[in-house]
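Note that chain A is present in both complexes that follow, paired respectively with chain B and with chain C.
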Partner chain A sequence: MYGIGVLKGLWVTLVHFFESFADDIRWGGKRYYTAEGIQHRRSSDTKGIFTVQYPEEKLPVPEEFRFIPFLLYDVDENGNAHDRCTSCGICAKVCPPQCIWIVRTEDPTTKRPVPEPVEFYIDVDICMNCGYCAEYCPFDAIKMDHDYELASFDRHAEHIYNKEKLSKPTSYYAGIRPTNYTREEKVRADEEAKKAAGAAARAATPAAAAAAPPAE
Partner chain B sequence: MTDQTPKPDSSATTPAAPTPKPESSATAPAAPPQAAPVEKSELEKKFPDAVKRDARPGYEGDVVSADKLRDVAMYVRDDLDYDFLSSLTAVDYFSDLPNAASHMEVVYHLYKSTGGGSLVFRVQVPRDNAVVPSLIDIYPGADFQEREAWDLYGIRFDGHPDLRRILMWEGFAGHPMRKDWKEAYFEEELKPYKNRWPEGQVYRIEDRNPYGKNNKYPQGLNPETVTETADPLLYENLEKAAREYSEDIDTEQVVVNLGPQHPSTHGVFRMAVRLDGETIVALKPVMGYLHRNHEKIGERNTWIMNMPFTDRLDYLSSMSNNFGYAIAVEKLMGPKAAPPERAEYIRVIMAELTRLSNHLWAIGFLLNDLGAFFTPALYAITERELILDIFEATTGSRMMCNYFRFGGVARDLPAGVLEKIKDLVHERLPRKIDELDLYLTENELVRSRGEGVGVITPEQAIAYSAAGPVLRASGVPYDVRRADPYSIYDRFDFDVAVRYHGDVYDRYMIRIDELRQSLRILQQAIKGIPGGEIMTGKNPYQIRVPAGEAYGRVEGPKGELGYYIVSNGKANPYRYHVRAPSFINLTVLEKMCVGQKVADVVVNLGSIDIVLGEVDR
Partner chain C sequence: MTTETRPNASAVNNAGYDMPPEMRQNVAITTLDKIWNMGRRYSVWPMMFGLACCAIEMICTAASRYDLARFGMEVMRPSPRQSDLMIVSGTVTKKMIPQIVRLYNQMPEPKYVLSMGACASGGGPFKEGYNVVSGVDQYIPVDVYVPGCPPTPQALLHGLMKLQEKIDGESITKVRWYQKGEIPAIPVPILGPDIIDPRDYALIREAKPAAAQAPAAPAAAPAAPVAAAPAAPAGTAS
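Moving on, here comes the complex of A and B:
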């Protein structure tokens, strides 16, 4: 009979229509504006209304989520901040749209380059959020942020981020990416230990050589 | 017609090269010709005085002299059965050294529609008088590709009936892909730029080169008084095409422009349609509104930098784009870049998930074009959303994934993602695809709008280089995953979906079929995925690729996605070309539409499934 196909299709929409109420009733008002409600709506059992009421509701972002990069600094016991960045320039060199500018400086007395950058700019209008800078940084000094709400009133004045605006403490990074942080810190600690062991061995060798009786 | 535009770029620096012969120089990757070509190719035996084996190391195929090109092409198509012109592109071997030779090269990649490897041949012509005979009547699929080569390289194709610019606008100064052409905001020839590091001089690019002063015009052209030349030319050609359509009653025909701003065109795309009443007598697609010269950017970039740029071609299926580029570069890098087992499985899983999300989107929006406004589309993209969640958890981004690296993938699957994928492909998606099937397939309105509309015969589909679902819906069971297997696709048990009517309805059905086949592959891949490394060797930020050329292709969701790359052994690609399936599938659009009603144009376009980011590049 002509029209069966249309009726079947209408049946599907009718099922969807009732599902959008059924799930609401089952959850008794907890389906919206609660963390578990959002979780449920994004799960593979979801039925009914799927959308999220941004900005009242926000989807939790996964750990790997990447947005504009930021710079990390360590805080020592005395409360002094130390940039992890050594201005080696790998991030600027690997950046596909070339949105990173690094200003280096040298020590006025010794004329040797200072590792910490004087300035570090990222033009966030150009940044394509590819994550290469974070991926290839050998010092874990630049990482991708989770903050995606960057709207501002003046793109000319505010969209070239400087070092001050980019810098965030390591604790912030540990908060947004706990798994990555733990893994990377372990690697760093291992390397530190290896370096220390190497230095100790080097320090020990001449001493040992000196202590050893001359071969005769 | 178009040669009034002077070519300022082909003047001073180019020495005339009457007998183009690859010579080594500072910029061109051509290495000195090496002696002892091993064995004569089929073509060389047949055309001993017109065909020569390409002797440059890292290159394959033959060099054909321009005057014999048409004979060779005819022989290749009719006697050797290479009936599918996959890619036609140009390379500018340019050198500004005083004694070095420069030449233009047009490279043809052909395949058999029954499967197997490629046949490559090329034509070399001097840069300042680049004329190559057109192959449009032998391979009609060359149409847009020749226009693109004319537009971007200034190679004139003799005998092409409609050789207008295709991506740039008429009246544009120069041919932008030529090596001596410089874009607005030009900074340096190659990235990375020195003013970023070590110099660190920050500036806003617009401040350096303010709006209004960033245009170059052809000599003697005043932009204030210029008259439009492009559109009259377009309409003239439209009329010429319409003249083939004869009718007893002499009626007045009208031209209607669908687009560039039109909800049915899926972006900024225009179709100039000539109508007799409601019947279409000629149609010309007009594109390039979104053109950003992806390939020029690609040549300024280093190898690795291109990966995130490929995401932005077909922005609905970035993983497949990554896949194609990675395969092309790995081909050139050789076995040392072969990805480990686990990475291969992850790649296949991601590529098939991309196909699912792309086809769901395509079906949803085809129904939009049919007038079922957004209910089917929203049902379909709900599922797509769940797939994008997986991409986001794995790669950090929903659409711009940037996940593949040369020799592996960027990072391993995070904890829990594989379970999520398993849940989707075993439980939810099969159910939802069945629901979509029940919802739409038997619907009388879909059938009456789709059946017998926009019919493409298998011969036409092959001749016009249509690929992917468009080709397979016309009864040609050609799928790169089977015809020329790459990665680990030869290990999976799946069917090449094929439908035989070649109409809009079959192009819808084929996508439903392919969804189910992708699920099959995914179920096997999830079962078989091994542990271990995800990257061969280190993941260095700068790679060097051995000199030579490679053409890597994958079966993208929209069709055959190919990357043609040429390396000169340095940190940046010398040539980077994308064979974009959306772009080349549009060649057949006119054939689909002529003789149909104007309302069917929208449906025909929707059934090809284009993404303008890839069409315009």
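Moving on, here comes the complex of A and C:
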């Protein structure tokens, strides 16, 4: 008999239609615009509508999600900002599409290089979000951002990010990547401690070294 | 009620006119621009064509998880004659740009272009490649640039909302497709050994005499061995 397949298909559609209402009622008003609701609708056992109502609610991004890089700066107790970047240029060298441009500077009196970049540009229309810069940076100064809402009308005016636009405080980084942040801060603190211990040892050895040669 | 919380919902009603509060639900005063733009912004039909990996994200955006239909963009038109928006999703190779420009010329006004991803906007990792156009905006006018490699579906949606914002700012007395006269078609680039933009013909003509004069002297020197080479086998054979 013809038409059975059509009816079966319509039946499936009808069941899905009612299931969407059933799930909405089961969750009350909490199925949309709440974190648990989004989590439920993402899961495999959800039934009914699973569309993310994007501008009003956003899918939570995973911690390792990476978009355009940004620069970190530390804020000390006096409220002064210090760039972690030392303008060493490793990120610019490893960058596969070469979208990073750093302007270095030197002290006008001593002629020694200043360990902070004057300017730091990233062309976000070249950046391929690979994360090599963040991977290779020895100072944890450049990290990948989670902010993806960057569309604009003019790429030459707005899509070449300068240092001012790229710089974000470490607290922001701690907010978007908490586990990475704690792990890296621990490593940094250990290295600081080791360095301090080494300096102390070196301070102690001259006395020992001065004492040793006459003995030999 | 929800329209007020939406960031982009244009206030179609009450365009700058005072109205008693009890009338607000019953009477709408608007301008022609606003009603025109409202119709336009909620019926942007993208063209169904994808170029590279960004197209996968575009397809994902059109599917039911992100659902372009919520923005009135549900129908991806496979014909340029029926579409308003060209989403340049992916790497634009030199071989592809003539077709893209031709498709753009075939789209009826009003037409918009959204450049999706690093490759389409600025060439991306291939910006100095031998086979990739470093930025589709060298050939066709782009309205919105969406950075990312690739942009996530939500980033693309944000770009589309930016486009809607742009449409909101239009005025029917100012947009180029309501001006007098014909809009000239963009000359289609020619694929030769390299891509040739017909708009650069004047520059190419200027450059040609200079190029012709410069290698004239070195070219004379290797001419002699080339002429002598065929003579040698001929001599051995006879």
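Throughout what follows, the second predicted complex is superposed on the first by the 190 of 216 C-alpha atoms of A that agree within 3 Å, B and C clash if a C-alpha of one lies under 4 Å from a C-alpha of the other, contacts with A are read in each partner's own complex, and residues count from 1 in each chain.
In the analysis below, a residue touches a chain if its C-beta (ideal position, glycine included) is under 8 Å from a C-beta of that chain, and two chains touch if they have at least 3 such contacts.
In this text, all values refer to a predicted model and were calculated from it rather than measured experimentally.
Peer 1: Which partner does A:Pro96 reach: the first (chain B), the second (chain C), both, or neither?
Peer 2: both
Peer 1: Would you sort A:Gly5 into first (chain B), second (chain C), both or neither based on which partner it touches?
Peer 2: Touch status of A:Gly5: first partner only.
Peer 1: So in the superposed three-chain picture, is A:Lys58 touching just chain B, just chain C, both, or none of them (first/second/both/neither)?
Peer 2: A:Lys58 contacts chain C only, not chain B.
Peer 1: Could you say whether A:Met128 touches chain B, chain C, both of them, or neither, answering first, second, both or neither?
Peer 2: So A:Met128 meets both chain B and chain C here.
Peer 1: Any idea whether chain B or chain C touches more of chain A?
Peer 2: Between chain B and chain C, B touches the greater number of residues in chain A.
Peer 1: Quick one: is A:Phe50 in contact with chain B, with chain C, with both, or with neither? Answer first, second, both or neither.
Peer 2: After superposing on A, A:Phe50 lies in contact with both chain B and chain C.
Peer 1: Thinking of the overlay built on chain A, is A:Arg104 touched by chain B (first), by chain C (second), by both, or by neither?
Peer 2: It touches chain B, and chain C stays clear.
Peer 1: Overlap the chain B and chain C contact sets on chain A and report the shared residues.
Peer 2: 50, 96, 123, 126, 128-130
Peer 1: What part of chain C is in contact with chain A in the complex they form?
Peer 2: 5-8, 64-67, 70, 115, 118, 121-127, 135, 137, 142-149, 151-152, 154-155, 157-159, 161-162, 166
Peer 1: Would you tell me which residues of chain A are touching chain C in their complex?
Peer 2: Spelled out, the residues of chain A in touch with chain C are 50-56, 58-59, 67-68, 96-97, 123-130, 148-155, 159.
Peer 1: Hey, which residues of chain A end up touching chain B in the complex?
Peer 2: Counting only chain A, the residues touching chain B are 2-6, 8-9, 12-13, 16, 42, 44-46, 50, 61-66, 87, 89-90, 92-96, 98, 100-104, 119, 121, 123, 126, 128-132, 135-136, 144, 156, 160, 179.
Peer 1: Can you list the chain B residues touching chain A in their complex?
Peer 2: Listed in rising order, the residues are 191-193, 195-198, 200-202, 204-205, 301-302, 304-309, 375, 379, 382, 385-386, 389, 392-397, 400, 402, 410-411, 414-415, 420, 423-424, 427-428, 435, 438-447, 539, 541-542.
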